[in-house]
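Each chain gets a letter, A, B and C, in the order it is written, and its residues are counted from 1.
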Amino acid sequence: MTEGILGCGLTEFVGSAIGDTVGLVIANLDESLREKIQLDKRFRSIGIVSARIGGGTHVMAADTAVKETNTEIISIEFSRDTKGGAGHGITVIFGSIDVSDSRRAVEIMLKELDEQFGNVYVCDAGHVQLHYTARASYALHKSFSAPMGKAFGITIGAPAAVGMLMADTAMKSGNVELCQYASPTVGTSYTNEIIIAFSGDAAAVKQALLAARDAGLSVLRGMGQNPVSMTKPVW
Amino acid sequence: MTEGILGCGLTEFVGSAIGDTVGLVIANLDESLREKIQLDKRFRSIGIVSARIGGGTHVMAADTAVKETNTEIISIEFSRDTKGGAGHGITVIFGSIDVSDSRRAVEIMLKELDEQFGNVYVCDAGHVQLHYTARASYALHKSFSAPMGKAFGITIGAPAAVGMLMADTAMKSGNVELCQYASPTVGTSYTNEIIIAFSGDAAAVKQALLAARDAGLSVLRGMGQNPVSMTKPVW
Amino acid sequence: MTEGILGCGLTEFVGSAIGDTVGLVIANLDESLREKIQLDKRFRSIGIVSARIGGGTHVMAADTAVKETNTEIISIEFSRDTKGGAGHGITVIFGSIDVSDSRRAVEIMLKELDEQFGNVYVCDAGHVQLHYTARASYALHKSFSAPMGKAFGITIGAPAAVGMLMADTAMKSGNVELCQYASPTVGTSYTNEIIIAFSGDAAAVKQALLAARDAGLSVLRGMGQNPVSMTKPVW
């Protein structure tokens, strides 16, 4: 992260990462802005991470960050972005009493991204994303209605029909419970995606994700595309 | 369509087409997903077609498909897409009792697209689209408030000002009745378009479309652009 | 502007400009369309300017145009556009009794853009924009809640975290009053931006903008980017 600080000379700059992601901290956010973002009065410091691509990916990373730090998720907002692609950009705001906690959350989030992007497969026509956690926390609860502390999975496919087949495959693959369904005009920011989020026991959630991944990648290949992982698949 | 099935090995895969379009069928959609898409209880099967570009174009194709098959339109959703362009992507869901009907609807829709894209003219700055049917059916009724069974036309122009001149030209060209007006923040998914849909007798609707096409193409050319048909213009 | 008229042969064509911007006039807008855009009954003529990029930039230009002509702002709509970038496209409609007034407004607006784009800095990851007027008028009032006649500034940064640091820097730099705050899901059309608008005395507003510009450009540089002005910075 030191590069970033050297790179731009701002104490607020924490670092950047894959996804045109940038992470900043503000030790003492201006009071009129605190009102606008409805920052709890206990907090004066925020960490803020924005990215052009990888909405779900960043929520996963934020979930790890909030679990491991003394911060709260203030907001998660999804822009319609991906630089001409079919999905979401994202902005996550953490709040903390001490700026060092927000800084730590941003650092963890940036560090997590490389692994999380392993299960994001992209091609010209669209993308397939799978996300898994053994224990969902506040970020996933806020964005995807995850039950706290339970194993949790997300499938995302674009163009949206790809996501529908992934959703159907995941739901049929085993004993998982649907927590959220989002489509281009409901629950997304007008992306070309169908997204589901579900919980269950760890093995069932993983099995559902693997089955959905195979279905999604097969459809994209059937379209003549060659979807590739953005980093390195973890499973 | 056989290529597709061979290409990806999924029985659900029906085919792909111009527009990064993909068409799938699911014979027995998972019950929790059926609820989410509000699928009528009579139906267990769906056909689903998603595309990155050509919102209006795909509605035209869906309209033909629903007319010629024993299916119903369950939903039509417009994403903000076109891969960095100014318009919409789309997802159409057909419902049927028997999966063979949904499959037939998806097949017809994919086959229709080549002709429908003939009246989509694109250039770097934007696009001009014209759509005509002699007899509007359920898809056009649902998306564009078309009176059932009547001759019906749609004009789309981007950037939005192009669409406004096309709209004005169409409305003044003859005896047509305005059914719908959509602009970047009303009735679109925040696209950079002005869209109108209108009905009337067949000759009047056609004349309105031809006049609008000439106006729209002239503006794009005035901007120094060279709008070209995506396939082959049919009129 | 003469080129445009020659270029496309339409009397409605006024001209084009940077930003894939096109300006048109319609002397006697079709009556059904007048209703749809809620054009005051006094007016029959409109000027309409649409652009693929530079939402804020075009509002500034429209503000100058409405100040200097006998027109009214009928609507300002922001599309989610920028051709795959992080921001807004825009459509501005002027109304007037006489078409020559609308034409004049469109001409002024197109002419203003070159200077206004000077304070728009772009790079692959995002953008930084600063806008200043000594005296806000109807366009800024309508779009950004500007108090009429007062010095007024706007800061825009993308990805959104860049905009947040710019906002914080601006608000802390001096005695300015926050008029509007917009983020990806509130007050924007799902762009990847945080935007603030503020008023105050001229010197304070300018100082806030300069401080915000430096902060925003520093963050983008910290991301390894090289933001450059779209034309020529004016301050």
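As a convention for this text, a residue touches a chain if its C-beta (ideal position, glycine included) is under 8 Å from a C-beta of that chain, and two chains touch if they have at least 3 such contacts.
Small disclaimer: the values here were computed from a predicted structure and weren't measured.
A.B. asks: For the sequence-identical pair subunit A and subunit B, what is the superposition rotation angle on Cα atoms, to the nearest 5 degrees?
C.D. replies: That rotation is 120 degrees, given to the nearest 5.
A.B. asks: Counting residue numbers used by both copies over all numbers at the interface, does the subunit A-subunit C contact come out same (over half shared) or different (under half)?
C.D. replies: different
A.B. asks: With chain centres taken as the means of their Cα atoms, state the distance from subunit A to subunit C in Å.
C.D. replies: Spacing between the chain centres: roughly 31 Å.
A.B. asks: Can you list the residues of subunit A that touch 2 or more other chains?
C.D. replies: 80, 83-84, 189-190
A.B. asks: Which residues, counting only subunit A, touch subunit C once they are in their complex?
C.D. replies: Checking each residue of subunit A against subunit C gives 4-5, 7-10, 12-13, 16, 20-24, 26, 29-30, 32-33, 36-37, 46, 48-52, 75, 77-81, 83-84, 89, 91, 189-190.
A.B. asks: In their complex, what parts of subunit A are in touch with subunit B?
C.D. replies: 80, 83-86, 124-126, 159-162, 164-165, 167-168, 171-172, 178, 181, 183-186, 188-194, 196, 215, 218-219, 221-224
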